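Two complexes follow with chain A in common, the first pairing it with chain B and the second with chain C.
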Partner chain A sequence: MEKIINTLQRSLPKWWQTIKISWSNYTAYRLNFFLQIIGPALVFFFVKYNLWTSVYNGDPELVIKGYNLDQMITYHIWSMVVGLLAQGMSALNLAEDIRMGRISSYLIYPMNFWEYHTAGFIAFETLQTFISILTIIVISLFGLLPGLTLSALFYGFTYCIYVSLFWFVLQYLTGIIGFWLEETWILRVILSILTAFLSGAIIPLELYPEWLVNLLNYTPFPYLTYYPIKIFMGEIGFFTKGYMILGFWMVVLLIVNKIIWKKGIRMYTAAGM
Partner chain B sequence: MSSIKHYLSVYKKFIETSFSVQLSFRTSFALLIFMDLFFYISTLATVDFIYDHVAVIGPWEKNKLMFFISFMLCVDHLHMTLLSESFWVLSRQIRTGELDFILLKPVHSIFTIFFRYIRPSSLTNTIAAWGFLIYFGSKVPLTTTAWLILPILLIMAFILLAIIEIIISTAMFWLTEGLGINFLRMQIQSLARWPDYIYKVLARRLFTVLMPILLIGSAPVRFMLDLKSWDYIAGMIAAIFVFGFLMFKIWSRALIRYESASS
Partner chain C sequence: MTMIKTRGLTKNFLSYKKSPGFMGSIKALYKRDYITKTAVNSFDLEIQKGEIVGLLGPNGAGKTTLMKMLTGIIVPSSGEILVAGSVPADRNKEFRKRIALVMGQKSQLWWDIPAMDSFLLLQKFYEVSDSDFKERIEEMSTLLDVKDLLHVHVRKLSLGERMKMELMASLLHNPEVIFLDEPTIGLDLVAQENIRYFIKEFHRKNNTTIILTSHYMADVHALCKRLVLILQGKKGFDGPIEEFEQILGREKSVSFSFSETIEDHTHFFENWSPEWNQSFTKVDLRLPQEDLRDIGKTVLEKFPVIEFNTEKMPIERVMKTLMEKPELALGENH
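And then the complex of A and B:
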């Protein structure tokens, strides 16, 4: 026990300092951060709001697969919040670090490569949590989030942070593939296209063909956006199934990450790949 | 005439070098093809799923909107093949001062900056992009005249998109970190991917007159669907000339602002 406390006492200050540095990096160019992280979420919501208003054509009686216009807009507001909270971008520079030979400097850091980027992820997630809380407060003031409860918020936030951890582990994998691949951004774009389409971020899964929904339930996709939205909407409480399924995929990804890192570091030349 | 010949010979070299660079990274080459295909299929499938539950969106039934989406995918395909990469390179060139060497070259800087990198992998998706366009065009169905003017309108749409994006990208000269501008550019694209009628009056006016991104797809498609809709196409041609002129003016101001590395 004493050993663990000593290790924690030694580790915590360096983690705290790294998180602070990462926070400063994210907030140094505020306009850039806004355009890169917050802007896309807002525009995505703006397009979906206009699209669905046009689909419903101002008919308050029209119900599509259980959603009237107000419920559909609420769904997409929560989709925006989930996007902000759960889909971080902190692993962006991993591949560049590898290709440019910059990971050599991590060898003399008091933290290893994985810990350094995890600290960056924590900083990013903290920032995103503040932005999400602010977004929810502003939207609530306009009365656009009916039936919002504290328990739904609590379950939603905790589950989304769990999802963001999964997303980080997945992004980490696409980053360290940079040992072999020249341009890993393509993998990230493929992932975001697939996730936007298959997770229910564009349209609720109820509108998908039944065979596709049945198939998707075996993949992590619906657990990244659709179910978190349902938690925020108060339709699901503590989502044990989601925690277990994403947990399983996270363990798989962590093992793959470890293997890829071991293989990759062996062929790393420190002079850029 | 000799000037055009000179530019064409330079462009030929750009194509050759882009091919040899991209073919040396074969996995990236293949992944780029998949990336574009995933994007095309997911975009079309999204609209298809919505139409499983409604008969019309705004004034258009399914085939018309699918034709619009296919048209925008073709514009996106041209953009991905001929322009896209150059915007990402520009933010780095400004930050590191690499732009100095480009500005010294005896060709127009807009040409060397924005037409330098071509993505041959995206070129391989021509069949898919045009396949969707022809399929949904025949479902609408288009008239013979509409089919004949389709390639011209597609090029005009691409030119208007390129002009607007170049204007937006000049903001990089005023910012220390220009990467965010590329994300702004991508958001502009996503707004333009839907027909003008889905937007409310204010947004529609803003994105048709002040920043005419909605003319990129809505003007040519509306004209092809109804050849009497001359007002749309006239607006698009006017936008190309006005914003083309503005682009050259703003570009000159941006170059004056440029202070080499760390500017």
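And then the complex of A and C:
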């Protein structure tokens, strides 16, 4: 016990300082940061808003698979918030570090590569949480989020932060594949398009064939966007199943990451980039 | 006390030949002809605490590979290394706290934030106490004359200023062994001199062990008492700098300039491999050390000498010759 406290006492300042420096790094170009985070989310939302308004043809009575137009719009507002909160891009730097050969520095510093980047992720996630809260406040002021409860917000935020951890572990994997591939951004693009479709970020899963939804329920995808939206909409409370299934996938990914890192770093240090 | 010790240290790189073009890339996917390249070949080295050793060698001779093995970035193919009592490739955190690596060609500082922010982060990484941190920053920034630049974004610094910051960043934790890989590359003469002076002062105060590579012989000349030459992965020389200067013989290079063309330029000078300029007003001679005084005197008396000087840095000439003819250092049977 004493040993654990001792280790914590020694490593907490390192983590805290890394988080602070990541904040400065992320906000070094404020406008850039803002555009990078908010821009795509807003554009994406605007496209979906227009798409669904024309699908419903402006008819407030029409109900598609249990959604009327207002509910569909609410669904997509939450989809945007979940995207901000749970699916950040903090792993971008990580792939860049590998590609540019900056990894040597981390082999010399008494702070490991994963420690540094996990601290960076924590920094990023706190910024995202802040931005998400602002977004929710602004949208609520327009009266677009009726029936919002504090408990739904609480369950939603805690679950989304859990999802973001899973997302980080997954992005970490695409980053360290950089040991083999020169450019890994294409992997991340494929992954995010796939996720957008399979997680319900573009179309609610109710609109998919039942067999596909049943299958998807075993994968991590619906737990990334569809279910968190349902939590924010107050249809689910504490989401035990989601925590369990994502937890399982997270353990799998962590093991894969560990193996990939070990092989990658051996190759790296053997070639000496 | 021995700080660095290697025995039979060897590093082989495995690479494969790729035929040019797209078809070559396709072919490389299923059939590869591997070639082994030995970058460092059974290298023995022993360095005592407090020594400054210059590691010399042409590009691609294995200097950087050697440095990377000594710092634990890459794992040797065979042989033993012990640095500050640890095996570098184990990369335990205690070992990492006792060494520093400065690479002139690669920035370790964070680009978008002021150097001071990077220093604060490194302070936490290396668990340097606040009082030590303040004292060292004050001392180093004064010595390097960069006090006003600590809060400027690194990307806005000039190359020389940035290099000074890199040095500070690497030395904040007061390492026992410092590896300097071309710390003055691309810098102007004044900045080079500043950095040399700084390294010298740092060494004088802390009795740090320093391994330095550089292509500027002035660095080596100013800092190192001992030189290790690496040629084609092998050790070509290991000893005091004065001995290195004499690898090619105990002759001195002397040049004389004259106020007028020397008509009788063959006869008097021919014994000392003279090299004349086109107008025969300047000559470089190679004189046996013991006759330097007599011959010099005669030339001064007999000819209208307006200027004469002896070579400032013989190691530069030695290096050049050895790069052209490595067999002079490695032996004929190589």
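We take it that the second predicted complex is superposed on the first by the 268 of 273 C-alpha atoms of A that agree within 3 Å, B and C clash if a C-alpha of one lies under 4 Å from a C-alpha of the other, contacts with A are read in each partner's own complex, and residues count from 1 in each chain.
In this text, a contact is a pair of C-beta atoms (placed from the backbone, for glycine too) under 8 Å apart; a residue touches a chain by one contact, two chains touch by 3 or more.
Fair warning: this is a prediction, and the values are worked out from it, not measured in the lab.
Chemist: Which partner does A:10 contact after superposing on A: first (chain B), second (chain C), both, neither?
Modeler: Touch partner of A:10: chain C, not chain B.
Chemist: Between chain B and chain C, whom does A:101 touch in the aligned arrangement: first, second, both, or neither?
Modeler: The second partner, chain C, only.
Chemist: Does the superposition put A:18 against chain B (first), chain C (second), both, or neither?
Modeler: Touch partner of A:18: chain C, not chain B.
Chemist: Contact-wise, after the overlay, does A:29 reach chain B, chain C, both or neither (first, second, both, neither)?
Modeler: Both chain B and chain C are touched by A:29.
Chemist: More chain A residues touched by chain B or by chain C?
Modeler: If we count touched residues of chain A for both partners, the winner is B.
Chemist: Applying the document's definition of touch, where does A:66 land relative to chain B and chain C: first, second, both, or neither?
Modeler: neither
Chemist: Applying the touch criterion given at the start, work out whether A:111 contacts chain B, chain C, both or neither, answering first, second, both or neither.
Modeler: second
Chemist: Figure out whether A:237 sits in contact with chain B (first) or chain C (second), or with both, or with neither.
Modeler: In the superposed model, A:237 contacts neither chain B nor chain C.
Chemist: Both chain B and chain C touch chain A; at which residues?
Modeler: 29
Chemist: For chain C, which residues are in contact with chain A within the complex?
Modeler: These residues of chain C touch chain A: 13-14, 64-65, 68, 71-75, 89, 91, 93, 96-97, 99-101, 106, 108, 110, 112-113, 117-118, 120-127, 153.
Chemist: Per the contact definition, I'd like the list of chain A residues that touch chain C in the complex.
Modeler: Of all residues in chain A, those touching chain C are 10, 13-14, 16-18, 21, 24-25, 28-29, 101-102, 104-105, 107-111, 266, 269-272.
Chemist: Please output the residues of chain B touching chain A within their complex, sorted ascending.
Modeler: Its residues touching chain A are 25, 27-28, 31-32, 34-35, 38-39, 42, 45-46, 49-50, 52-54, 57-58, 175-177, 179-181, 183-184, 186-187, 190-191, 193-194, 197-200, 203.
Chemist: What residues on chain A touch chain B, complex-wise?
Modeler: 29, 31-36, 39-40, 43-44, 46-47, 50-51, 53-55, 57, 64-65, 180-183, 186-187, 189-190, 193-194, 196-197, 202-203, 207-209
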